Amino acid sequence: MTTPTAQSPALGTDVPATMRASVLKRKGDMAMETLDVPRLEADQVLVQVAAVGVCGSDVHYYEHGRIGDYVVDHPLILGHELSGRIAAVGSEVDPARVGQRVAVEPQRPCRKCRQCKAGRYNLCPDIEFYATPPIDGAFAEYVTIQSDFAYDIPDNVSDEAAALIEPLSVGLWACERAQIKPGSRVLIAGAGPIGIIAAQAARAFGASEIYITDIAEDRLAFALEHGATHALNAITDSVEGLDVDAFIDASGAPQAVRSGIKAVGPAGRVILVGLGADDVELPVSFIQNREIWLSGVFRYTNTWPLAIQLIADGKVDLDILVTGKFTLAESEEALKAGKQAGQLKAVVYPGR
Amino acid sequence: MTTPTAQSPALGTDVPATMRASVLKRKGDMAMETLDVPRLEADQVLVQVAAVGVCGSDVHYYEHGRIGDYVVDHPLILGHELSGRIAAVGSEVDPARVGQRVAVEPQRPCRKCRQCKAGRYNLCPDIEFYATPPIDGAFAEYVTIQSDFAYDIPDNVSDEAAALIEPLSVGLWACERAQIKPGSRVLIAGAGPIGIIAAQAARAFGASEIYITDIAEDRLAFALEHGATHALNAITDSVEGLDVDAFIDASGAPQAVRSGIKAVGPAGRVILVGLGADDVELPVSFIQNREIWLSGVFRYTNTWPLAIQLIADGKVDLDILVTGKFTLAESEEALKAGKQAGQLKAVVYPGR
Amino acid sequence: MTTPTAQSPALGTDVPATMRASVLKRKGDMAMETLDVPRLEADQVLVQVAAVGVCGSDVHYYEHGRIGDYVVDHPLILGHELSGRIAAVGSEVDPARVGQRVAVEPQRPCRKCRQCKAGRYNLCPDIEFYATPPIDGAFAEYVTIQSDFAYDIPDNVSDEAAALIEPLSVGLWACERAQIKPGSRVLIAGAGPIGIIAAQAARAFGASEIYITDIAEDRLAFALEHGATHALNAITDSVEGLDVDAFIDASGAPQAVRSGIKAVGPAGRVILVGLGADDVELPVSFIQNREIWLSGVFRYTNTWPLAIQLIADGKVDLDILVTGKFTLAESEEALKAGKQAGQLKAVVYPGR
Amino acid sequence: MTTPTAQSPALGTDVPATMRASVLKRKGDMAMETLDVPRLEADQVLVQVAAVGVCGSDVHYYEHGRIGDYVVDHPLILGHELSGRIAAVGSEVDPARVGQRVAVEPQRPCRKCRQCKAGRYNLCPDIEFYATPPIDGAFAEYVTIQSDFAYDIPDNVSDEAAALIEPLSVGLWACERAQIKPGSRVLIAGAGPIGIIAAQAARAFGASEIYITDIAEDRLAFALEHGATHALNAITDSVEGLDVDAFIDASGAPQAVRSGIKAVGPAGRVILVGLGADDVELPVSFIQNREIWLSGVFRYTNTWPLAIQLIADGKVDLDILVTGKFTLAESEEALKAGKQAGQLKAVVYPGR
């Protein structure tokens, strides 16, 4: 599936010719297959995958066979939250990298367009992203990535935490765009994995009050233990009048978005992370009268170094999110696990 | 109506005790009255009003007796776009100001709250604004304003242009918030007074392409002569794919807002100036995927000095907007004038 | 000395007519005097002073009788780091404030000039600042301040910590201007009170590495316990090549400034807090080649609310700075205390 | 000299195997030579050079054989201000580009480091820059450049103007970093090519007052015709107290830098463009007290598109700078031309 445009001999250790992968053949149909190990381009590293987190978008491709305009019309390897170990390097990469434990930023921007050259490579129109048709992801023994998108991780960062830097990056990027800073008062809607991660990220950015809302009391209780300072029931509690500095939506629920916006004070910020309907009715005059800034996040830019630092320093704890562990052959079960009560994050271990 | 909390002897020239004013008694009912000239506070100036522009909000109060939560339940003097001459000054103001021609910024922030002290006095929760119940406006021979909100104007700025600095300020503030800069490509929806002013403001900020949309061909033709570089018919032409850096809505029309947003490129900005429905359905996933920033303007902050400079330098021309001239006694006609074809801006002259 | 321009009856509790104050008569000459309690303006509160920190500028006025163009040519009350309790309020202030414990921001901007209205009131050309001729400071039983510059403090903030919010504000403002954020690597020159405070502030802003330099090993050891992550001896260790994101000078030593600048990476920031010579030779081509931004701090703007939050949350600890306690009558000893080894901060208690 | 790391067949028109070039053999020694036409990498274009401006740094290499740490210890082709026509393209470049007239941005960032990925590719530590040892420049019939650094130019932009986009970029980048905007008041020191270009750039950014200083009255007169609004003699006129929003130094003279800084108002900006001594004594306490931001420019980032737009729109006129025209064989004369009175910019035409 991966078709490198150039090929160079891999400098590495005993890399086999083939590998096992869990492939989404079509909507609802996963199969274990033996595939060629992807060949390295000159600026890439070959990563032996250690751990892969399951994301809602993986589940969505599995269940629906598409997300918006991206359609699974050819077999696709899912998975874009990953860590591993460098098994080989391309011809332009320092051979000393072989053996390093790394967290992978699963995107390949063009580096040449207006967006890339302005430092916004996440908005590159030609970007390739793991597990987004037709680009394969990480439910496999090996993947390739440009060397500068594979970040060394220290020993005190677990494989699971390193994999979950991907969703952490979403939270960090949301906090950066929300301009969270010391003393900020923040509202987060949704106490799922992204909401809890956003709460931890907001705390790391210095927020002094972090309100989180959900309809599930167990999730709220968990969020209070791991980042949030206040929990509110989305059905019975009102957030209006909180006048927070920032509102981060991690629910994708239109009603949560609308009420969250009304909790924002003058000159505050709204960052929509959750994906829901394409079109949502928003309180526009409220936004105008308070000169609130509203935007979203589309993935992230340059977040891995900070993420690694925060985990290594103990300011963010991702291991607490892992509620299910699966072998590569159990990938389909991993995709289904998130639907069950009490589950936050399933992790697949391609080496098992 | 105006009830100063402190009073001091006016230092000025022959100010009479009473004045004529055009008063909105209740919805749809205007009357000429003789009122006491407002008394000066220590930090204020008394301005003999020369020219007052008619704004859509004035018309709305006249026709509906309210805007949102602001209800005309007592007689109210309308008008908040004004220029004049200083007739007297409060005890703390330099007497040399008497006689100066001034443009009036018609708001009184508290100067003490978090927003004021952060430089965002337009978002002051305790602000008083002309012609917004219960604060009187400028359809009268005299008004008072804090001295630092009455700006000297040079001889080459007409009374009318000086009055129209108020709507120009809306356009400048929109361009500043939209981060228009040299080379920017901008879309403006609505070729009414605010749209044309925004086009001129965008040109002054260095925009290289300024697209404007409207359904009226005569307005589009006029806009092309006065700021816009391209005109598009809102019904027959599509703006999608323009990928502009900024979209400024001056129409308040939900459909124009939605299609305008879809004309914005990655990392672009949307500034909603036009007032329409409280709630509008917006293309949220489009905003997220392009990380577009969306906000509105609520009046303006610190715009008068720049506005005066731009008019004096000939970079903005407001005189071309004046399509009707009325005496104070004709205020009601002035309020009705805007509805007629070809009319852009009515001006009332309280001294006539 | 204080000459209010308007006077109104104080609404308060048993305020005496006179008070004790420690007055700098002229260079090197302090005397206890009995003075009239300052009279309140309408928008002010009268604060019964609880604690006053001694600042280097107080010492400088005492020793030299001047700082730059500011000359002590009339008797002056020193002290501008203070906390206390509201004893009375002016006519426009809520009487419920009487009795509140407060931290005082010791400045009075004009609120009307270009700088004030842009949110930079510290740069107001007409600002009055405590203990800066001819404005009296806080080595006295009572002072007046505009109500919005007297901030309520919670019970878990000590009088001393509340007083030291003033120097903390310098550190917070330096970190804000230095754009310290999560993961930042920071160098601070000088492990005196401001250096240690800046280190704590940088930590609160999320800095991951905080290098501090000094020539005194005991100060370095103390700094390592209270904010810094790395200590360097300014004589024997080199900072070149650290490539930090920000350098904050709290030493005022030209050599420390020069070497500190050379420790800054591309696009980094230099904030000069320490006061030294008017003119300093700087490595200009280094600044140009790395596009480093260099500036200073002049006091602070809008920092008290964050400071109070950080202290109350235990993220900053100011009490550890207090190394000497003095009665009002001992003010002169307090001014001399800072010269002694091991001394960081002297505090005067006007109520004792 | 140029040693491509990869080679691919050039897709182009009749490109010869060899070319003429004017080579700096060593300090003060220029020679015409016949060299191989540089071979294309996959992402590059081969440009047949039309015009090359002579920059002060070219002259410095010619006269001194070095600039700072960059030493001409091997033969070097000078010239980095250039335009031309695409003669051939690398294997990854659209063949339709052959024949296009282009302006060349003469730098090759690595695109992978922290600075590049943050949108600051000019600060890339591994950047290659034309005419900086050991990278060859443009005093030759052909050069190569990455395709995205060769920008199409419209017919109404002359070869000379296209070449001078390089120094214009310095001026635009200075204005961007100085945050020049509509209404800004700007001081520029030095009315040489960069000073005049900076004045035109400031005008394009909307500056309302543009003061320029020099010691040569003819240069001042010329600057007044082409961008500046006020001219001041650096010897007889004082700039102190101007309180400008921004000061751009294009002189490199320490005294001009010092007096220029003292002309800056509170919160203003200083951008040092001119290269002078490595270390300069600066008025540090003045900078601190006004919280002035001081920085420099190191080349530029992402300026070509705006530059082309401004020239094409007639907002900037670079042709007026050309005071000498030379064939390739006359390169040495071109390098000497700038020393003569009345000379601003020499241009070399490698095709002549």
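When the chains are written out, they are named A, B, C and D in that same order, and each has its own residue count from 1.
In this text, contacts are C-beta pairs under 8 Å (C-beta built on N, C-alpha and C of every residue); 3 or more make two chains touch, one makes a residue touch a chain.
Computed from a predicted structure; not experimentally measured.
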Turning angle required so that subunit A lies on subunit D, C-alpha fit (0 to 180°, nearest 5): 180
Subunit B against subunit A, contact positions shared by both copies (same if over half, else different): same
Distance from the mean Cα position of subunit D to that of subunit A, given in whole angstrom: 42
Chain centre separation (subunit B, subunit D; CA means) in Å: 43
Subunit B, residues touching no fewer than two other chains: 118, 120, 305
Residues of subunit C defined as touching subunit A within the complex: 172, 181-183, 204-206, 208, 305-306, 309-310, 313, 315
Of all residues in subunit C, those that touch subunit D in their complex: 68, 115, 118, 120, 122-123, 125, 177, 257, 266-267, 272, 275-298
Partner subunit B, residues of subunit C touching it in the complex: 43, 111-114, 116-121, 146-148, 301-302, 305
